[in-house]
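Several structures are given next for inspection.
Here come two complexes built around subunit A, the first alongside subunit B, the second alongside subunit C.
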Partner chain A sequence: MSAAEAISVIRVRNVLLVTMPGDPDDSTIAALQERALDAMSAEHVRGLVLDLSKVEILDSYFARTVAETAQMVGLMGGETIIAGMRPSVAITATELGVTLGRTRTVMTVDHALDLAGRELAKEKSRR
Partner chain B sequence: MNIQDRGEVKIETEADIALARRAVREVAAKMGFGITETARIVTAVSELGRNVHKYAGSGVMRWCTLRNGENAGLELRFEDYGPGIDDVNEALREGYSTGGGLGMGLPGAKRLMDQLDIQSAPGHGTTVTVRKWRRL
Partner chain C sequence: MTLQIETQHGKRRENEHKLTPEASQELLQILVDNIKEYAILTLDPNGRVTTWTPAAERLEGYRAEEVIGKHFSIFYTKEDFEGGKCEQELEVAAREGRFEDEGWRVRKDGSRFWANVMITALRDSNGTLKGFGKVARDMTDRKQADERLRQQNRDVLEMATVPVVQVWEGILLVPLIGTLDSARTQQLMERLLQRLTETGSQVALVDITGVPTIDTQTAQHLIETIKAVRYIGADVVLTGVRPVIAQTLVHLGVDLSSATTRASLAGGLRVALDLLDLHVGAVVRDGRMLVQ
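Entry: the complex of A and B
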């Protein structure tokens, strides 16, 4: 399986659901950025839900890539929501000293999709 | 202190960092470390393994399990023959980096593990040894 194939990218309603594997190697992590940004522009979605529920560790390289990807998605006019971080991963990443910038985080992919749906409804009512 | 079991993983490519993580995850699980302790150990492996690859190009991670009275320990030794570290104390300082990284590898690994020791001299490579203990 190639690095890019290890990442699942599917369109759910108006967002892209990007699911990372449990223990991605560096080339898989590097592929995240390109896969996510390419799909953003091809699918005309308004944001990205990054599902980290399978992820077993978040080291400084992985965290930096996630933060950078969220920033790039922001530059393209989209929003990133990080979903499903495990308690052990949250504890360890904090002790290591990594942060994900100002990226929004929620407990589950369900929450993330609800949030994305609500924001779209808000936008429509404003028009 | 008795050495119970040992092994090694060569770190020559970026993919080897993932192999080192997997090997240590397996040993830690066998030793009975919990989920969060295992995540700490494996994260430290990732940071230290990446340092070997980034600064020295290649090296080796040697692991062994230790026994000290009522405590079981996991020792991980990262050896490389790279340029070495000029100032070990400086390298352990938060945010200090010569490699364009975030400078959290060494201080971060120190926080995640129970013990960290660095042997290094310019031109003679670097050996970083970390240990994690668990009460039996």
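Entry: the complex of A and C
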């Protein structure tokens, strides 16, 4: 299985749902960023839901890539929602000094899609 | 055996109580064979099994013909064997007369039991080492009971150190009382994250009313906890920030602006309810006031 195939990328309504495998290697992590940004420009999605619920181990490279990807998606006008981070991963993230800036975090993909749906509704009502 | 109670000679009476060596040997053998809880066996000076008993067979699973002549290391775990535990035990027993130990031992079928083991050096009247006597007892039940008790104690202690209470669906309360050191804040972080994910709660009220003082390090730990809680998709409201704590935090230059903080638990609860889009208010139903 190639690195890119290990990541599941599904378009759900206006967002891209990206599910990371449990123990991604460096090339898988690199593929995450590429596929997310490609989809942002090609598929005109409003943002990215990054599902980390399977991830058990976080290293500094992975953490940095997640933070950077969120920033890049932001520059392209989208929003990143991180879903399902496990307690152990969250503790590692604080130890690594990860800063997620304005990136939203939610407990489950369900919550993430709810949130994305609400944002869309807000946008429509503004128009 | 005959007991002569009435006798003229005290010496003779004493002798009457004594058994012939054969008879006493036989009685001892019956005793050794019938003791159920204790596996009694003997080893030669090199640690090879020389005698075996039914109780030893029950405990260890080997029959006499399988085990006589084998080195007693077969009763030990691989780790203990490799660590040289068997030799060490005989050494101590030879030097000090006896050796006592509790630990895991292995049965013939590979299963483990927790044993209390006593090894006694057997020396003849000249002091020559003839071998060792070994008495082993299965203490697995007691060990398990001890473990359970210890776990209960740990649970109680943990609950007392970092109590986490669900006060509403989606809201956990952590009332902290007493000084916060690094170990305790670390425990707080782990337990809080665990309980938040378990209960699917989205807001944690961390109440520090009962915390006498806060230093830079404690504040840093709290900030990290708040961050970690954010990462898993929940929020922390820090409540019970008394005037003296507020002053200390500002003087220390601790930046808590990223966290929601409130002076009272009541204020924090209001924030939590707002975050969850819950509303508390009085409604009138059937002419009666109800709190919703």
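Brief remarks follow.
The working rule: the second predicted complex is superposed on the first by the 125 of 127 C-alpha atoms of A that agree within 3 Å, B and C clash if a C-alpha of one lies under 4 Å from a C-alpha of the other, contacts with A are read in each partner's own complex, and residues count from 1 in each chain.
The rule we apply is simple: contacts are C-beta pairs under 8 Å (C-beta built on N, C-alpha and C of every residue); 3 or more make two chains touch, one makes a residue touch a chain.
For clarity, every value in this text was computed on a predicted model and none was experimentally measured.
Subunit B and subunit C, once both complexes are superposed via subunit A, fit side by side.
In the superposition on chain A, A:Leu96 makes contact with subunit B only, while subunit C stays out of contact range.
When both complexes are overlaid on chain A, the residue A:Ile82 reaches subunit C alone and has no touch with subunit B. Contacts of A:Thr105 after superposition on the shared chain: subunit C is touched, whereas subunit B is not.
After overlaying the two complexes on the shared chain, residue contacts for A:Asp26 are found with subunit B alone; subunit C is out of touch. Of the two partner chains, neither subunit B nor subunit C is touched by A:Arg46. Using the contact criterion defined above for the overlaid structures, shared-chain residue A:Lys54 touches neither subunit B nor subunit C, since it reaches no partner.
Of the two partner chains placed by the overlay, only subunit B lies in contact with A:Arg64; subunit C stays clear of it. Minimum Cα-Cα distance between subunit B and subunit C in the superposed model: 6 Å.
Comparing which residues of subunit A touch subunit B with which touch subunit C, the overlap comprises 87, 89, 91, 93, 98. By the touch criterion stated above, subunit A contacts subunit C in their complex at residues 82-87, 89-91, 93-94, 98, 100, 105-108, 111. The residues of subunit A lying in touch with subunit B in their complex are 23-27, 56-61, 64, 87-89, 91-93, 95-98. Within the complex formed with subunit A, the residues of subunit B that make contact are 14-15, 17-18, 21-22, 25, 35-36, 38-40, 42-43, 46-47, 50, 94, 101-102, 104-105, 107-109, 111-112.
Interface of subunit C with subunit A (complex): residues 189-190, 193-194, 196-197, 200, 202, 224-225, 227-234.
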